[in-house]
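Below are two complexes that have chain A in common, paired first with chain B and then with chain C.
Our next item is the complex of A and B:
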């Protein structure tokens, strides 16, 4: 009995400390995300990839089924367009974060600050992802109104869950990619080169049935494929696809771990070579 | 060779050197070319999705021409912007050639590379996508693809001229490229509810040129569409030169560099 009180106090103290650290992390993530949104909101990549590109894809695909498709089919196509454009937006708006840190000379300060630099970079990735996803959702809503695409009301909570996971997926993907893009001086070309493999193999606008059998398994490694499977099914009023949901969460985790390893290696390499501010 | 021709040749040579500095061959081979080949495959597959096998053929013909736009519409924006970024516009103002002529000469590498991209998509993507049988008929219309590369370069140059003075080159170049993709029936014919976009397509490059190419490969008359594509190209060339001249005059009037017109 006498040892119960100190244990309880220790547990409370530990919980308080965890809560304090958690709150601090959330503050840093939020501040980094806000700063990133302020930085990229006027960047042309945002309107191009999140407004113009999905509208043009819609125009190009408008003749499919002779225009005589159901509202659910239209919703499904809009989701595929949204996710396709999200890939481009992730590449341009999120992938360049670390490169911009180097260009502006803030990477060295970030690496030597009291805060874990990964927290700042992930916060920035989250800010970019939220900005482009919100813009894309706005574009999709307008397109849905114009085209008459509809989703059942009871699917809305699942769609919101899907949107949160898609934002996390973009954040984790961006975290992994931004470390890769600092390894080359020609990151713009590399960014552009990475666009179409996912456009083709992602199973979004191009169904996996059109992809040669030897390559179709690659779709399963792309989180956006599972996001499309999940969102497309719930938007069509079907049962919640738990496999797609699990795979989406699993791939987000995998991307984050990859980003973590890549970030550490890139920073180690830059420290060894003395190129932290030079790229 | 006359002094005038020598100056133009020198401007073209400088243009190639700047182009190669911005787009080294190694980077082009490892990133740009794979991207263009995949872009051609993507749009052709979209065409197949929209219109079956005939839709794929329609899209493949468009994707060949659209491959050029990476350099002829987006890339060419670098031509006038280079002087803004480098602060060298005043050298053009004191040069023997007018800025518009220098820009035209410096655009030639973008036109050439754009046409080569089209050729590459035709020769590599064609067999991959099952259009090996169409290679003969499409090779025969390569001069028409050269024309669409030229008219799109004029369009890109006009956009670039409008972008000078700010940092809107990326926005204008990409917007122009997407407008061409949407309105010039690159991947699929415009859906009936979107026919209003065809009005825009009438004044954008590639639209009439692609009609001419599709008609020529089908054995139909195509000269009228060819003439219209030429007119569109000349129109955009006039816009480009007029904007460059107006900006130059405004800069001289205010005694500032063109890059500072908006500051």
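Our next item is the complex of A and C:
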């Protein structure tokens, strides 16, 4: 019994240390996210991908339906447009993050520090995702007001959860992609190869029922497919699709793990081959 | 156990490019004691940057061992990073969209400095490098010298026990460079060991205790700065300009000069003497040797480390 107090003190000390590290990580993530927002906020690609593109998509799709659809269907269509635009914007906004860190010499500085440099890269991906998603949500809200798209009030908390997961998905995908783009010499081609297949396989441009059976399993590996399933169902007032929610969380985790592995490869290769310059 | 600040044992590094092996470092060994400042010298491609990269944990050695205060760069890079700081210098390595204060705070956070302590030190750290007035300006608007000073503030904010300084005075004006050298000299007094890589030999001359010279990836010379200067064989160069008939070269042998050169000049002559030491007795001897020659001017130049570097490099 006499060892209870020291154990308790040790636990409190440990908890304090963990809290301190956690607070420092949050500060680093926030600072990195802010830095990335400062970099891309005035770039013309932001209004193009997050304002012009979704409006054009909506006008094209609305023309096909001739205004005969319900408010819930309009909301569902808006969600698909939001996710489509988000994917295009994500590729643009996060793809070059790590390359830029290397080119500007800041990755070398971060690698020689005591903090895992992945934190900075993830923070920057988060900044990109937040800026793009916030702009897209703003555009979608305006479109919803103009077109009369509606979601049930009790779906709003689930929609917010969906938005958070979509932001995390964009961050995780961005983390994996920006590492991949450093490892490959063909980043531009990879970007081009990923853009439309994800639109199509994710069921964002066409219904997944039109995708050939042999390829439909690929849809299940795309987080935006599950985000669309989840958000579309709750926006339509249906029961919360727990499978879609679980798959979304699972795929976000998978993308993060992939990002960690790829980033590790970037750093290991740099340390073996000397590809990251000092200053 | 009292470890050397930096211990480099038989370190080698080979790069493979298009199937060919390029030896950047070959069996390099030397140590830097705690509180010691060592200048790492060498021409382009000598291996200085490769060695600095290995010590900063950005590059793996192919062979050998490198340790910082006992921590191995290969086995325990985190401990190495905790004990040392790297001042990379140059235009890069800073976030241009952030202010000087934000950069310093960000890199301080990455170095694991506690939030309160970091916030308390920001102003004084910027003040020390003369950036207090520009603390809230974005770094993208900074001159090269200002960026260099910010690099130094970032390198020092974590109170490292070992500092790798790569070309610290590049881009600084003479006043700033002198201030920086004073700051580095004060680090020695607080026990910080510094490995200084610089093409400006004035930095090395004023700061370093010892010099390690690299050439083609190998250590060619390792000696104290005094020995390095003495390796020239003279401590001063005397240049005398005169008109009329030039004195005979053999008259200057009694001065002990290790080098005597008399050149015809426009309307006169110029005598250059390299002397092992410069003293009143040597001055008297020089006066006697010059005899009745008509003297137009004279200057005494202390031997420069640069001369020693050029001479030693030529020998290797």
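Here, the second predicted complex is superposed on the first by the 269 of 279 C-alpha atoms of A that agree within 3 Å, B and C clash if a C-alpha of one lies under 4 Å from a C-alpha of the other, contacts with A are read in each partner's own complex, and residues count from 1 in each chain.
Basically, a contact is a pair of C-beta atoms (placed from the backbone, for glycine too) under 8 Å apart; a residue touches a chain by one contact, two chains touch by 3 or more.
In this text the structure is predicted, and so the values were computed from the model without any measurement.
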| item | value |
| --- | --- |
| Room on chain A for both chain B and chain C (clash or fit) | fit |
| First, second, both or neither for A:195, with chain B first and chain C second | first |
| Following superposition on chain A: angle at chain A, chain B versus chain C, Cα, nearest 10° | 90 |
| First, second, both or neither for A:23, with chain B first and chain C second | second |
| First (chain B), second (chain C), both or neither touched by A:210 | first |
| Partner chain(s) touched by A:163 [first = chain B, second = chain C, both, neither] | neither |
| Touched partner set for A:44, first chain B, second chain C, both or neither | first |
| Contacts of A:183 with chain B and chain C, given as first, second, both or neither | neither |
| Touched partner set for A:59, first chain B, second chain C, both or neither | first |
| Chain B and chain C, minimum CA distance [Å, superposed model] | 15 |
| Chain B and chain C contact sites that coincide on chain A, given as residue numbers | none |
| In the complex, chain A residues that touch chain B | 44-45, 47-48, 52-53, 55-56, 59-64, 67, 186, 189-190, 192-193, 195-197, 199-200, 205-207, 210 |
| Chain B to chain A touching residues, read off their complex | 23-24, 27-28, 30-32, 34-35, 38-39, 41-42, 45-46, 48-51, 168, 170-171, 174-175, 178, 181-182, 186-194, 197 |
| Contacting residues of chain A [partner chain C, same complex] | 20, 23-24, 27-28, 31, 35, 38-39, 104-106, 108-115, 120, 270-274, 276, 278-279 |
| Residues of chain C that touch chain A when the two form their complex | 15, 49-50, 52-53, 56-60, 78, 81-82, 86, 88-90, 92-98, 102, 105-107, 109-112, 114-115, 151, 154, 166 |
